[in-house]
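Alright, structures below, take your time with them.
The same subunit A turns up in both complexes below, where it pairs with subunit B and then with subunit C.
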Partner chain A sequence: MRRSIGSGRFAPYLFVLPFIVSFLAFYLYPLVSTVIMSFQEIIPGQTHFIGLLNYRRLLNPVMYTAIWNSFRYTVLTIAVLIPIPILFAVLLNSPGNPLSTVFRGALFIPTLVSVVVAGTIIRLLFAGSQLAIVNSLLLPLGIKAKDWLVGNSAQAMLLLVGMATWRWTGVNIIYFLSGLQNIPRELYEAASIDGASAWYRLFRVTLPLLKPTIIFVTTISVFGGFAMFEESYILWSGNSGGGSPNNVGLTMVGYIYMKGFQGGAMGLGSAIGLILLLIVLAVSILQLNLFGFFKRDE
Partner chain B sequence: MRSLHTTTLRTQILISAFFIVICLGFLFPIYSLILASFRPGRDLIRFGITAKTLVPKDLTLSFLINLFTTKNGIYLVWFRNSMIIVIVQNVLSLLFCSMVGYGLGVYEFKGKKLILSLMLLVMMVPLQILILPLYRLLITMKSMNTFQGIMFPFIVSPFAIFFFRQYVIAVPMDFVDAGRIDGLSEGGIYFRIMAPLMAPAFGAMAILGALQSWNNFLWPLIVMRTGDMFTLPVGLATLLTPYGNNYDMLISGSVMATIPIIIIFFIFQRYFIAGLTTGGIKG
Partner chain C sequence: MRRFLVLILLITSVVGFNAFAAPTKLTLWTFQPLHLDFYNAAVKVWNAQNPGKAIDLDGQAFPYADMHNKLLVAVQSGVGAPDLADIEISKFPNFLKGDIGLVPLNDVIDPYRDKFVQARLAIYAKDGKNYGLCFHVGATVMYYNMDIMKAAGVNVDKIDTWDDYVKAGQQVVAKTGKPMTTLETTDQWSFWPLIAQQKSDYFSPNGAVWLDNATNIKTLQFMQDMIYKSKIAVAAPGGFHHSEQYWGAMNAGGFGSIWMPMWYMGRFTDYMPDLAGKILIRPLPRWTKGGYRSAGMGGTGTAVMKQSQNIDLAKKFLFFAKGSKQGNIMIWQILGFDPIRWDVWGDPAMSAPNKFTEYFQNDNVFKMLLAVKDEIYPVTLTEKTSDLTDMVRNTIMVQVLQDRSKTPTQALKEAADQLRQ
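For the complex of A and B:
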């Protein structure tokens, strides 16, 4: 039998080599070095160890605002982007609707739009002038024209969550549809024979069986939510959310960008990143626990 | 026999009407962007998108044509940069991720469990927290402001590897055994037998990967330093200032960056959706 380098005992290792190289160079090394950096004051030429000083410096109101904004954004996007896509998916999943594919495609299109373009559109729709479309539509309802971007933090959150809803509803519908298609039809038929109402079927059959998908979507939403930065960067003109008045749009990653890249404080930026990592892991574990993901009998 | 829960025609019509309204709402921002691209940028800066913008009247293509000539055609440079990155990054990523996925799907070997857990670990850490050390690494590697600097860190994606692995597991091992009997090397089996069988998986990942790198923003924003190296999203983002006369370019440039990807979506819709669901749920 012909033997070459790619054969025999070593073949599997050659196949997985790209992952190992990439893992060491672009993942493990940066992760370790960011941990070290978080204990350092990094000035070109004279980097030195400063213990926990970076972490102590983060006990400041701007950091609290960043954490609070990221947290609120995550909770609100989950609160919107789980129930609504489930409802849409259930409606789209009912058999015999020829338009269902068209609707799915149309709702998916916003996902294709880059965050830069999406942010630009939002800025133009929510522009401050009286003539701008959102303001002019609200006027007959007795709501005065306002400058949405420089308003208070509730308005900023409304824009951010609105933008997320617009961009991600279509993706979550696809996830839930594929979850729904794994539910055996017989279960619904059995429920119907027993005279179960539509609501009963939704809450007693559909939702419990969608649980794995709900857990999956919630988990990726926790990660996506806490990592959000680009949206606020675009809405507030490239100042990492720090450009927004009173930091209404500042997120934790925005704070990393502001301190690490714009302010040159790489050590401090690393410390923010590690706190972010701890929060994300804690929230996901808590969330998985609430869903009973770690229970043996599941 | 009609299925017991086949909904009545009336409910179907109600549901359809409901979704028509919702879909129009979801498409409205894109419609308004396209119409805005026919309006002068200075009006858009002052008033935003107004009711007048949304009426398709007096449409002029002059802003679209200017897009390719303003600032010595810098838009075309950004477009080209984005294309280069999408193509090269995807080709390399498909090659490497499918190889790793294949290796993890076909072989039993020491350390396999470890590698699978490391992949989960990678997915547990948001890449945004690694941008600072990666940035320093790039400086050391003298790769700032280069294409490889944008591409290298993200060519090998655990998500794509899981997807390919899932696909490989479903292929009967008989194909691999047949290759061995024919005297093919292990690499030969992968390239000659398995890779062609994995064509649908390549399709799904190619499209998802292209979408991601076409719209990728944060990392190129950090890596690319000069205007001639910007990708489309980074270049467009630099135009987002109320100063200067850039809004014409921003709006028509946004339209031209979005339309191609929507067209590609409609051509390959099936693969897009297969890529999302299979990769996501089973990953």
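For the complex of A and C:
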């Protein structure tokens, strides 16, 4: 008995079984079922196929707004959340900085704050009343009180990206720090001996060797950006329907939630989900291609 | 060993006895913790009156969206639903699709059918079957802050039409510098009652899209004019009349009046304590001579779920709580709602002092309500209602009332065209 379990024939399958089972149950089955549901009208007891109707229903301005918002949010968060954390990481990593540990901790703390708490606080900070903190700070500067959350979509995006920056800078710093610590010191010494300036070292030594980390962080940021939902849901959750005025905060996942769960149209929700999947897939492949990820190392 | 057996016998008999006398457990989901106070009080009375059919009510309050999502998934998947559930009116059509997961209540309603405000039964019915019992009529009324009205020299009893209201509003603005009222830009309770008052609606009684009809365009234009032309109104702080910001500003005496359904009385008592003794409730102004002075808005249809193991008991209890005379009186006493059985409105219990009679200036709210009881048109809910509500909340009101990026005609036409697709 013991021998048969230990034998090379049986054991490998046993060990990968948990993964296979969870993959089949929690990834493959939902995926297949989402594809099927996206062609169906889901009604209790009377579910039936309706061809491409769900997809045709998505050709509407609200869907375009959702795609545009998700896309903008992803691009902007990447534009902010790659360079700034790299800069911080390089500063924190430079030797002879006594407060490095303190800063590391301080920058990481926002990550530990729940989105719900952070979102609620930001909502109150940026409320429309003259008494709200941000407005009351701007008032002495001669800036009129305004309703930050009801205004135009650029303003809304600013808040969302600002919130993401505050929350995720710390995590990205950790990624980049670990990347930096893998760069051998000798390379910097050699560069210094050759007379390279600090900037030159940053661009010619640090960044190229940090490339794998940058690719990794960009990839997870693409996923994270397109999957964003909680931030906008909480920021505008003062609104009775969970939506935002003029849909300024509507993301694709928010649209899935709105149609699939709030509206009870699971088929339509599945169709939005699949479109989201295709977009993320396309953007990721494009992005990895640009970085030369698929090229063989020379 | 023998002692052990005796012990076992003792335990089983105690457990068995308990099981025999134990009340039947019923689960109930709601999205409003205040409703639970009412149900718990109703269960107490029910258990006292029906000792043989005692109920152990397990009531749970979830956040609004969560509860409806959970319930919808439970109905769609066929497992996990409670015995009873509160379903908010704009979500109700979602539960009337396909094989309906709710139990028809006709047999308990029929003996008393004529005692109900008919419009409030119709909104939860499909093909002649009633699936939900409402808490209230939701008659929309005007709440005047009498301090401000007095300061401006406005006699609210002289306000009969909306034109009168606008004129009075201009007087208020001129004399006190305060806006006469606020309009919701991210919710529908400013717009919907005004169109319902004129026998218009979002949908026609047979479900066609009415959103962009002439009455609705005219009404939305009227609302826009209140802000930008006659300047008697401002957008509600926080976007709607349930935001902390609005409550704070109104409580501080910031606005002269507000029109909201009767169920808003509880918001005054709970969130605007400083206005106690200052608010007078009056019917809405009319649009035309002889026009209607109210509109029934909002609602919660409580339903018995088909998945329940105790359908019969759940039905009887539900009717006791929300359909009986006693239950309807408790709805007023505990929740401050205008109950759906008009035959209780004249009951002495309805004019007995409670926190609502203390707070508002009116001697008897229900006397006023009886006067407008027949001035309420039913509203039509369809499967597209929740989509439409999203549009009203997220785009139409903001675009017309706040950033004025669209005219009423454009905004309503665009939304209506989307719904007709």
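Keep in mind that, in the parts below, the second predicted complex is superposed on the first by the 281 of 298 C-alpha atoms of A that agree within 3 Å, B and C clash if a C-alpha of one lies under 4 Å from a C-alpha of the other, contacts with A are read in each partner's own complex, and residues count from 1 in each chain.
Just so we're on the same page, a residue touches a chain if its C-beta (ideal position, glycine included) is under 8 Å from a C-beta of that chain, and two chains touch if they have at least 3 such contacts.
All values derive from a computational prediction rather than experimental measurement.
Legend: residue contacts after superposition of the two complexes on their common chain; A:Met258 is shown touching subunit C, with no touch to subunit B. Of the two partner chains placed around the shared chain by superposition, subunit B and subunit C are both touched by A:Met266. With both structures placed on the common chain, the touch criterion links A:Pro44 to subunit C but leaves subunit B unconnected. Comparing subunit B with subunit C, more residues of subunit A are touched by B. Of the two partner chains, subunit C is the only one touched by A:Asn246; subunit B is not. Of the two partner chains, subunit C is the only one touched by A:Arg57; subunit B is not. Of the two partner chains placed by superposition, only subunit C is touched by A:Val150; subunit B is not. By the touch criterion defined above, A:Val113 lies against subunit B but remains apart from subunit C after alignment on the C-alpha atoms of chain A.
With both structures placed on the common chain, the touch criterion links A:Ser129 to subunit B and to subunit C.
Residues 127-129, 238, 261, 266 of subunit A lie in contact with subunit B in one complex and with subunit C in the other. Put simply, subunit A touches subunit B in their complex at residues 1-4, 6-9, 11-16, 18-23, 25-27, 29-31, 33-34, 37, 88, 91-92, 94-97, 99, 102-110, 112-129, 131-133, 136, 166, 169-171, 174-175, 177-179, 185, 188-189, 192-193, 201, 212-213, 216, 220, 223, 226-227, 229-230, 233-234, 237-238, 253, 256-257, 260-261, 266, 269-270, 273-274, 276-277, 280-281, 284. Here subunit C touches subunit A in the complex through residues 64-65, 68-69, 72-73, 75-76, 78, 94, 97-101, 185-187, 237-240, 242-245, 248-249, 386-387, 389-390, 393-395, 398-399, 402-403, 418, 421, going by the rule given at the top. In the complex of the two chains, the subunit A residues touching subunit C come out as 42-47, 57, 60-62, 127-129, 147, 150, 152, 238-247, 250, 258, 261-264, 266.
Residues 3-7, 11-12, 15-16, 18-19, 22-23, 26-27, 29-30, 32-33, 36, 44, 46-54, 96-97, 99-100, 102-104, 106-107, 109, 111-112, 115, 118-119, 122, 124-137, 152-156, 158, 161, 180, 183, 185-188, 190, 211, 214-215, 217-218, 222, 232-233, 236-238, 240-242, 250-251, 254, 257-258, 261-262, 265-266, 269, 272-273, 276-277, 280-281 of subunit B are the ones touching subunit A in the complex.
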